[in-house]
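Chain naming follows the written order as A, B and C, and within any one chain the residues start at number 1.
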Amino acid sequence: MDIIVCIKQVPDTTEVKIDPVTNTLIRQGVPSIVNPFDKNALEAALQLKEQHGGKVTVLSMGPPQAKDALKECLAMGADEAVLMSDRAFGGADTLATSRTLAAGIRKLGHYDLLICGKQAIDGDTAQVGPEIAEALDIPQVTYAAKLEISGDSKVRIEREHEEGYEVVETTLPLMVTVVKSINEPRLPTVKGTMKANRKEIPMLTAADIDVDLDSIGLKGSPTQVHRIFTPKQRVQGQLIQADSPREAVAQLMNKLAEAKLI
Amino acid sequence: MQFQLSEEQKMVQKMVRDFATKEVAKGLAERDEHEVFSRELTNQMGELGLMGICFPEEYGGADGDVLSYILAIEELSKVDDGLGITLSASVSLCAWPIFAYGNDAQKKKYLLDLVEGTKLGAFGLTEPNAGTDAASQQTVAVLEGDHYVLNGSKIFITNAGEAETYIVFAMTDKSKGTKGISAFIVEKDTPGFTFGKKEHKLGINTSITMELIFQDVKVPKENMLGKEGDGFKIAMSTLDGGRIGVAAQALGIAQAALDHAVKYSKERTQFGKPIAVNQAIGFMLADMATKVDAARLLIYRAAWLKDQGQPYSKEAAMAKMYASDIAMEVTVDAVQIFGGYGYTREYPVERLMRNAKITQIYEGTNQVQRMVISGAVLK
Amino acid sequence: MAVIIKKEDCVGCGACVGVCPFGAISMENDVAVIGDGCTACGACLDDVCPANAIYREAEEKKVAMNKAEYHDVWVYLEQMDGQARSVGYELLGQGRRLADELKQKVAAVIIGDQVAELAVSAIASGADKVYLVEGPEYRHFTTDAYSIAFVDLVNTYKPTAILMGATNDGRDLAPRIAGRVGTGLCADCTDLGIDEKTGLVAWTRPAFGGNIMATIFCPEHRPQMGTVRPKVFKRPETDDARQGEVIRVSSKVRQEQIRTKFVEMLRVCGASCNLEEAEIIVSGGRGMGKPENFQLIEDLACTLNASVGASRAAVDAGWKPALHQVGQTGKTVGPKIYFACGISGAIQHLAGMSSSDIIIAVNKDPDAPIFKMADYGIVGDVMEVLPILNEEFKKVLQD
């Protein structure tokens, strides 16, 4: 089974802080990581490969330094990694990004399954996976918490839903996005790490793929960021430190009543 | 002069850091409190290849360098230095002497499992009456036919009880002093080889320390490491390498204490401002940071020398002595910065302070390190 | 559209370097340089540069489509088993507001099997028109059937904007539609408006784990699309006297076009894990100590008819299933009242619940970050406080 996993290198948003004076994002010292959900996607792919054989290729679009993220995926056990990097790809919104990645996937050739993380933690859009599937005209199942593929390529997925888990059956080829609870991504081994470091990561540029340059990058992005601002910070409310828990609760109930919340 | 880690070293460092923060940190306070050695974690370290970083691929290793291995101990020790010393004891003190002095048969039989981490190793040199004075070994080995018979005991042995493979030193010829000491590879379940009580220690409670007891233990002749009388030489060269490991443990402790202190002093507010803005705290942090960096440079240099195949005995002693001394100082300062909270088990710095002390003692006390260094300086 | 630094004006102060959310600006020879990581997001534009050396380059865009053909604001009224989700009505209220500003009409889109009666409530909630697509093939949501039906409507009736709930199915469906139509889509919005100057829909959404907000336009493509988080907006008052037009559109989906098959819904936890649509959520964290203690959380939730949430620590420890997890890697919620019990308030958690109206926190550590967010905080042991809290709420509710 040939599986392509799309990954993104993202700033670790949990390390991002807001400068209280200038009210801007402090980006310095924030490490770049593999988007956490994409690691779940890779783990799912590696497990399927262990069951069915085949090849796992990780694909990413980003600046040259995104190679570090791809190396980490190789260290975890991916067979191949490909980076799509070109100034022409820059400034892309989700639609332009998905067109670029879809063109990259077509270039890679045969695949049975495409797996993505449910969303990237920097943008949190959850759109690129479905938009790739649309561009490739393959079916999709999003928010997979369980993914089983039988020998005859029958797919059974439990997808997260407001009401519980929706069980879906389908066939390959397919695009699946996965949630965190689907698995626990493995840690890379020392040997895997060293092998990954020594492995060549091929780079695809705009010239290497079959795509209309007007449909990708900034030019091909229908959406445009008009303004970025820091949200109103919540201010600390009232802290109740009473002698006894009963007293504390009583104070809370009074305050809630005063605020007409109860 | 190159002050930057290679791509490969950085990747190993990150990989171990992820393992330490994700897996090792889980339940650490409880393991420390209840003195629990986690075999699960050492097995996992084996699976991830941490036991084999600097051994050749033919023995199951990753063919990395010593510095990568030292980075691994440092990263582990930033979270749980008890596990750091467990790794160091198995790799530096057991696997390494077999790699350096063992014959092919011994390497095949013992090294492979140690490198792959399916077995754990330990090192038995210290005796109740032979600590720094290794020459007054009372454990004896007498050749009887095709095996040696060992009698005696070893104390304060890291990984004892858990380890499957032991490097044990014993007198084969008392008349020759240090030249009469020989080294043996002893398997855990050999008849007559038992363990004394588990030590309850001030710190490094996630590592295990016990006494080794030998009563008429028959060790096959082919398990002698090197030749008869090579023991002291093997012990000393092994300890040279082990010292870089202990130094890395101390560095990890010190770095962790510094990190905690920096974070806390920015968060803790007194008189309406973070305590970090007080120069009294800021200067303490400056001293701590400088010491940690100086220790790091000494350690990385010693590891680099070993990688280059150059003599490193003096440099390893310097690194171990300095790193452990400053680990003690930095952790004491960290507790001070945390104030009353720092003295409680709610915060990690008291554990770091307790753990730092041992690094000044084992693998040769810092007084012994000064003997080694002054010996080299005065040569 | 690219962001450019005018080299000769740059004073080399470095103010822009730290501002870039993507770390794409660096200093080279005392001049700021924009690297490959730039996404033209504009974070460095607003008053960041003291020398005004950073500007956005205007670029000729090919006119993508005839925008004048597109009119009306559409709202997707998502339903499940014939029940419309509340977010659909919430968005009808917003659709109404936007359409009024644009002096256009609001239409609801309803797709399902035997769901015609929902058209009545859509009109009562503000819709002028309802596009209704019915058929057994829409009994359960499938990406293929629903996207084919929706795209057909878009191509036929050409709306200027589409609002959809940022539900699991909404976020599954919207990008397929946007991709097929070739238009922009803005995910997970928390604020909507009409830009006075351009008349464009201004979609505002959090990014970077809620650390920044971005307002996004879709200037040249139609329809302008966005998904909007449930519970951000109030459900409008209904007016049963309102009149509207129901336009039935025949289904054009062929069975073989539906490539995934709904098998069943595993309702593993009933309503108590439907956090996205909950009015009240009671969440527990590491401070609960052990799984048995979560009963106290369940008890309070039961009293308040609330859903049960959990922090990542509690889920990782196996105390609660993943469906209950609130936070960056779990669910994003916005209830009226959020109780955080024994939750210290790691940034991952805060990212998932900071848009709650009222936050009430109980934690024994007075320095816990959760208190910096909470409207009301009790410093105390959750094990002692929760039973009393439950007792008091019971009393209040009885009265």
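FYI, a residue touches a chain if its C-beta (ideal position, glycine included) is under 8 Å from a C-beta of that chain, and two chains touch if they have at least 3 such contacts.
A quick note: this is a predicted structure, and the numbers were derived from the prediction, not measured.
Chemist: Looking at which chains touch, is this a line, ring, star, complete or other?
Modeler: Shape of the chain contacts: a line, open at both ends.
Chemist: Specify the chain most distant from chain C by Cα centroid.
Modeler: Farthest chain from chain C, going by C-alpha centroids: B.
Chemist: What's the distance between the Cα centroids of chain A and chain C, rounded to whole Å?
Modeler: About 17 Å, centre to centre.
Chemist: Between chain B and chain C, what distance separates the C-alpha centroids? Give it in angstrom.
Modeler: Distance between chain centres: 52 Å.
Chemist: So the centre of each chain is just the mean of its C-alpha atoms; given that, what is the distance between chain A and chain B in Å?
Modeler: Here the centre of chain B sits 40 Å away from the centre of chain A.
Chemist: Name the residues of chain B that each touch 2 or more other chains.
Modeler: none
Chemist: Sort out for me which residues of chain B touch chain A in the complex.
Modeler: 7-8, 11-12, 14-15, 18-19, 22-23, 47-50, 52-53, 62-64, 68, 72
Chemist: In their complex, what parts of chain A are in touch with chain B?
Modeler: 71-72, 75, 187-194, 196-198
Chemist: If we count contacts the way the header does, which residues on chain A are in touch with chain C in the complex?
Modeler: Chain A reaches chain C through residues 11, 13-14, 16-19, 24-28, 30, 32, 36-37, 62-65, 85, 87, 90-95, 98, 121-131, 133-135, 139-143, 145, 156, 158-171, 179-181, 214, 218-219, 221-231, 234, 236-242, 245-246, 248-250, 252-253, 255-256, 261-262.
Chemist: Can you list the residues on chain C that touch chain A in the complex?
Modeler: Spelled out, the residues of chain C in touch with chain A are 1-2, 17-24, 35-43, 46, 48, 59, 61-62, 64, 80, 143-144, 167-169, 171-172, 174-176, 178-180, 182-188, 195, 202, 206-221, 259-269, 273-274, 276-277, 321-323, 325, 328-330, 337, 346-348, 351, 354, 358-360, 366, 371-381, 384-385, 388-389, 392-393, 396.
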